[in-house]
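Once you scroll down, you'll see the structures, which are given as structure tokens.
Next come two complexes, and both contain chain A; in the first it sits with chain B, in the second with chain C.
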Partner chain A sequence: MQALNLDYMAGLVPVLLGYLPLTLGMAAAGMVCALILACGLAVIRVSRLPVLDQAAKLFISFFRGTPLLVQLFLFYYGLPQFLAFLVSINGVTATIMGLTLHFSAYMAESIRAAITGIDRSQTEAAQSIGMTNAQTMRRIILPQATRVATPTLMNYFIDMIKSTSLAFTLGVTELMGATQKEAASSFLYFEAFLVVAVIYWIVVEALSWCQKRLEKRLNRAYQR
Partner chain B sequence: MIALKGITKRFGEHTVLDGIDLSLERGEIIVVIGPSGTGKSTLLRCINFLEHPDAGELTVGDLHVDAARPGKDDILGLRRRTAFVFQNYALFAHKTALENIAERMIVVEGLSKNEAHARAREILERIGLADKADAYPAALSGGQQQRIGIGRAMAAKAEVILFDEPTSALDPEWVEEVLALMKQLAAEQQTMIVVTHEMQFAREVADQVVFMDGGRIVEQAPPSELFTNPKDERTRSFLRKVLSGNAPAAT
Partner chain C sequence: MTAFRTLARTLAITSLGLTTLLGTAMAAQADTLRVGMSGGYYPFTFVERDKLQGFEVDVMNAIGEQTGDDIQFVTASFSGLAGMLDSGRIDTIANQITITPERQAKYAFSAPYVYDGAQVVVRKGNDDIHGVEDLKGKTVIMNLGSNYETLLKELPYADEINLKTYESNIEQDVALGRADAFVMDRTSASQVIKDKPLPLQLAGQPFSRIENALPFRDNEEGRAQRDRVNQALETLRDNGELKAISEKWFGGDITEAPQTEGAEKNSDDA
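Our next item is the complex of A and B:
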């Protein structure tokens, strides 16, 4: 058995860190888009808008019911077959799209649950002072639902960061793709993947720390 | 002026309100009493369409609404001309005392945040909670929360404030401060309809006391008359029950 090549690992760290912005960028873009889409889906589901509600249900069912990898291949390799304008879609865009659609389906359900969990009296109080339904949703219900949904949503964000690694299957050289290339040329697979694993791990830990701070802030109104 | 005509509300087969007629002038205070489940709260909730009446007519100030066929603007209009104080306070849990009071002024009246907060501070002074401006509801006592709830209603400058058993959820120690605030409002000629079991309050403050039973108004009279000389047997029987606990007050 040979020892770990520590020098190689140390040298690899700065190389791989150069790809971290792309990984985090895709995750951040995906998260923002997914949150917007998920809020829309959740509001549609909660207000039971005819037709739209059925469509939202179908959407959620499909994107929760199929693997992210299958969805990515479907967008990147499959769709351009029929939609000519997608031929020029690049791997990064396809990944962000895939992450958005996939995770919005999950997030919509947790946001919906958070909204329905807010006490009915909050809605009535808002109505009683003459707020419209939209104002009630925006100013009273969603801010409170945010607090309830935040722990779950942060978990999805963490999951999303790790899921960006699937982009390498679409030929994107992000953190995972770069590691794969480095490993293939050095044959030091274990060292290379160990380094990338630790990088992901540290990123996620940092985020968990932020999550704790955020939850503490959001709970401020509920301290006795 | 507030006028209700033939307000009827059914929950499925059950008729909760059976053609209620009621009117009050500006500055008048009506206290509604009666056994539980006779539609007192539902009546209040019909006035601002938290419940939708099945039939009847509503007039609040300059707005006249056919309760069976209200437009969207009618409902919003009624809610903006009335204010509601809830039994369980129903303060916005994520907003401070100040923000709870200012919310309507910002959203409905379109005031700037600064101006709304300045006015909300004046209201906090009036209800004696200026020092709690930045406290969240969870950190306040029941009595303080309900006073903020009343402050939120005061901010509406509504034609009428509707009180739905405002002291029923309170620990006994907080009841007095809430009633005191309501008396203060009464002294300022605030028009109100109050559903309550506080007979002493009704006796002291009401211009008219309405006794409801089975979804109908059984009897309506000034408190001096209704409490001393109730005409209907149902009123007498109800008053006997609720006043037997505090006999001295019944004299």
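Our next item is the complex of A and C:
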């Protein structure tokens, strides 16, 4: 067997790092949109709004029940067959939309669990001093639920960063796509994929560090 | 509703920013030719140190110089290219597209600009397989959506071949010994074996003649683009530029129709 080509790997690092902003950008955009959508879904599910609750249930069931890759193909390649205007949606937008829909379904459930997990006595106490339902939600429940939901939401964000690698199948050259192409011309597969694995790993490690700091901050009220 | 609007706006802004970053063109301008390719088919279209290059890239740029079109390359996995052409995301595909009757019925093809042959490639040292006739009972792999799949399925003993299609990296799986052979065009295969570290060898002679051309959508706009490109190809052929590009990448001329049936290409020893 041949030796590891370290020169090639070193040369590949700056090339691949050039694609990191796109990968992180798609994940960040997806995360922001998914959070907004997930909060909406969670509130609908918690408050059991008629019709909307059923719709939310169906939405979550579908987007949690099918692979992200299937969803991306369905929307990017499939739907334009019937809705011609969807052709104008490019691969990057389609990826962000796919990540948003897919991950919002998961996140809605963990936000819902965080909200329902807050002890009933908190709501009762808030109401006893005359807070309305909306006030109770905003001032009492959500701040506590945020603390509970943060670790799982960060988990989803990490998962989302890695899931952007599927964008290559929609013609988007992001981190994984760029690696795939470099490997296809050098045929140094191990070197190329090892470099990209380490890049993903470092990014996720950096995020985990941020998560720790964030959790510490959210825990301040509970420390004695 | 506000949430929805914010979502829509965020999407619009991010996609706008990222699109510019990526350089993917959306709308076809009159003087822009959007050319799809895989960027993973050495040495026709490949990426090295972030630079898209290869025979197809040079040919398309030369064509653009002739027609005055702005050539814009879009890379995507090979199997996705046809869908992108059909849905109008690109105008043509420069990826060694072989002319077949089925494709001819659907697309407006340019004049052929590469003459090649379908080649069986095996792991170095595999002397069981000397050509397409030895593939019975073997695992043979190829790129999804490629014409070689059709070629093999037309063989009388096709159901005795274990045929598998991949998205990419077929060379590696044969080099590793997971599959017995892959099928590719002779020119790329020879070049990969010559230039790259994979332990591979050609198995016998090419088994089918193939002609490569650029497919365009078969409508008024597509045919107009095709005609412009054909004119450019003719000029490039006459002034020797096409030949020069071929010699640069392959050390031989693959753009000229072979004179005799089954003529050997001069590039390589088998």
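Here is the rule we go by: the second predicted complex is superposed on the first by the 224 of 224 C-alpha atoms of A that agree within 3 Å, B and C clash if a C-alpha of one lies under 4 Å from a C-alpha of the other, contacts with A are read in each partner's own complex, and residues count from 1 in each chain.
Criterion: contacts are C-beta pairs under 8 Å (C-beta built on N, C-alpha and C of every residue); 3 or more make two chains touch, one makes a residue touch a chain.
From a predicted model like this one, the values you see are computed outputs, not experimental measurements.
In the superposition on chain A, A:V87 makes contact with chain C only, not with chain B. Look at A:K181: by the touch rule set out above, it reaches chain C but stays clear of chain B. Looking at the shared chain after the overlay, A:R139 reaches chain B, while chain C stays out of its contact range.
Contact comparison for chain A: of chain B and chain C, C touches the greater number of residues. Once the two complexes are laid over each other on the shared chain, residue contacts for A:Q211 go to neither chain B nor chain C. Looking at the shared chain after the overlay, A:Y189 reaches chain C, while chain B stays out of its contact range. In the superposed pair of complexes, A:Y77 makes contact with chain C only, with no contact to chain B. Shared contact residues of chain A with chain B and chain C: none.
Within the complex, the chain A residues that touch chain B are 121-122, 124-132, 135, 139-140, 143-144, 147, 220-224. Residues of chain B that touch chain A in their complex: 48, 50, 76, 79-80, 82-84, 86, 88, 90-96, 103-104, 107-108, 136-139, 152, 156.
Chain A contributes residues 2, 11, 15, 18, 21-22, 25-26, 29, 32-33, 36-37, 39-40, 77, 80, 87-88, 90-93, 96-97, 100, 168-173, 177-178, 180-189 to its touches with chain C in the complex.
Touching chain A in their complex are the following residues of chain C: 3, 6-7, 10-11, 14-15, 17-19, 21-22, 24, 26-27, 39-42, 46-50, 74-77, 80, 83-84, 87-89, 167-169, 171-172, 192, 196-198.
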